[in-house]
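Step one of this worksheet: look at the structure below.
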Amino acid sequence: MLGRVAIASTPFDPEAEIAAFRKALDDSGAIVTFTGQVRPSRGDGSVTTLSLQHYPGMTERGIESMLDDAAQRWSLEAALVIHRVGDLRPHEPIVLVATASRHRRAAFEAADFLMDYLKSRALLWKSETGPNGKLWIEPRDEDYADAARWDRQPPGGR
Amino acid sequence: MLGRVAIASTPFDPEAEIAAFRKALDDSGAIVTFTGQVRPSRGDGSVTTLSLQHYPGMTERGIESMLDDAAQRWSLEAALVIHRVGDLRPHEPIVLVATASRHRRAAFEAADFLMDYLKSRALLWKSETGPNGKLWIEPRDEDYADAARWDRQPPGGR
Amino acid sequence: MAKLLFFGRLGDLAGGIERAVGLSEPHSVSALIAVLAAGDRLLGSALLEDRVRYALNGTIVDREALVEDGDELAFLPPVSGG
Amino acid sequence: MAKLLFFGRLGDLAGGIERAVGLSEPHSVSALIAVLAAGDRLLGSALLEDRVRYALNGTIVDREALVEDGDELAFLPPVSGG
């Protein structure tokens, strides 16, 4: 499997990345992408800045090993993870995951799996700064539960 | 929910469509896309043409009612289905599904659901023409089983 | 005239996707298939296969539905998209 | 000198993401936290919370691991990405 992990400290263009990802494919009929972007302010008109921090080197290695895990679980031709760090404004892309496989089920499940990892296990720390100050975000219980789904299906199980 | 269905008789650009879809969003933090494209020839060097036929009007209405069904099952801001018809060459996009929601689970599940519908229930007929002539394709057993997953969870179940 | 539409492999059997038939009186879908089978037994039996559905003016119907001049009847074999 | 890295809210508590400490002899992670706690009890207790993990030169370790000059020790509170 061709895997690529990038931590971007400036805005990236998800569709340009998806186009490049798709053009490099040979045998895949199915491409699934997930784009996460900063949601606008919370209805009160206030502007919120989202900040993301990573541990250079260790964060990338953790995501790369998660791509290896995905490659053992599913038959994928390629997988891509791009994650923003730094300060982000509403509507800016935070994360892009793309997966490609011969048939759609593998691509869907692998993208879902990678997002679950990024949400609650990757070495990334997210804070929101708004009119009431700075708040460090933790995964929702749902995010932990989502990630735990895959622990019950270790690699090689399918 | 903002829904759009298009049957395209000429090639379309998935990433341009995804970019337009994403730019029109207001409150969504999660965008999932599925792109299906023609897989290259089967290793024997032969070139195969894929042909897709639809029933103008009735096909679109069927897909639209499936978008309505998705809107009842999940909280989505927008959903898009573009499906090619006519003659397609290897690597040409066949189908694009895009879904947008506040959180990722709804967007993932709705895209998965829509693809299952398109694969085995939408009024589309697919044939392959290669060195051995023309073959009408039918869904794999797996495709029927995938679509049946949702029948067990009727709309309103979540 | 009623318009008949043959999708997928049924179009190959019918020698074309579209055919017009003049109906002096309403025919059930079954009766219409019997008329077609008289001219082409292979097509006739294909149109009666279990998994073939019928759409009259854009709505799925059963074989008892009545077709008359001006109607559009489509024969829909198993589908496959994506 | 050893380099200490405080991620997420631990950086706010430590007053910065990075701090250098001179270690004349190897210290366990626990001992190092005790030194830090002597200067800042709030930070000290935050570093001992159950969900905080420790990475020594890029590898997750427990509190018994020994840190010496030239090492990089990172304090990793609960993560959240995506």
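Here the chain labels run A, B, C and D in written order, and each chain numbers its own residues starting at 1.
The rule is short, and it goes like this: contacts are C-beta pairs under 8 Å (C-beta built on N, C-alpha and C of every residue); 3 or more make two chains touch, one makes a residue touch a chain.
Keep in mind it's a predicted model, so treat the numbers as computed, not measured.
Of all chains, the one whose Cα centroid sits at the greatest distance from that of chain B is D. Per-chain CA centroids place chain B at a distance of 27 Å from chain C. In this assembly, the C-alpha centroid of chain B lies 49 Å from the C-alpha centroid of chain D.
Residue positions of chain D touching 2 or more other chains, listed in rising order: 82. Residues of chain B in contact with at least two other chains: 36, 104, 115, 119. Chains touching one another form the pairs A-B, A-D, B-C.
If you check the complex, the residues on chain B that touch chain A are 14-16, 18-19, 22, 26-40, 91, 102-105, 107-108, 111-112, 115, 119, 142, 146.
Touching chain C in their complex are the following residues of chain B: 36, 52-53, 55, 57-58, 61, 83, 94-95, 115, 118-127, 134, 136-139, 143. Per the touch definition, chain C reaches chain B in the complex via residues 5, 7-9, 11-12, 17, 55, 58, 74, 76-82.
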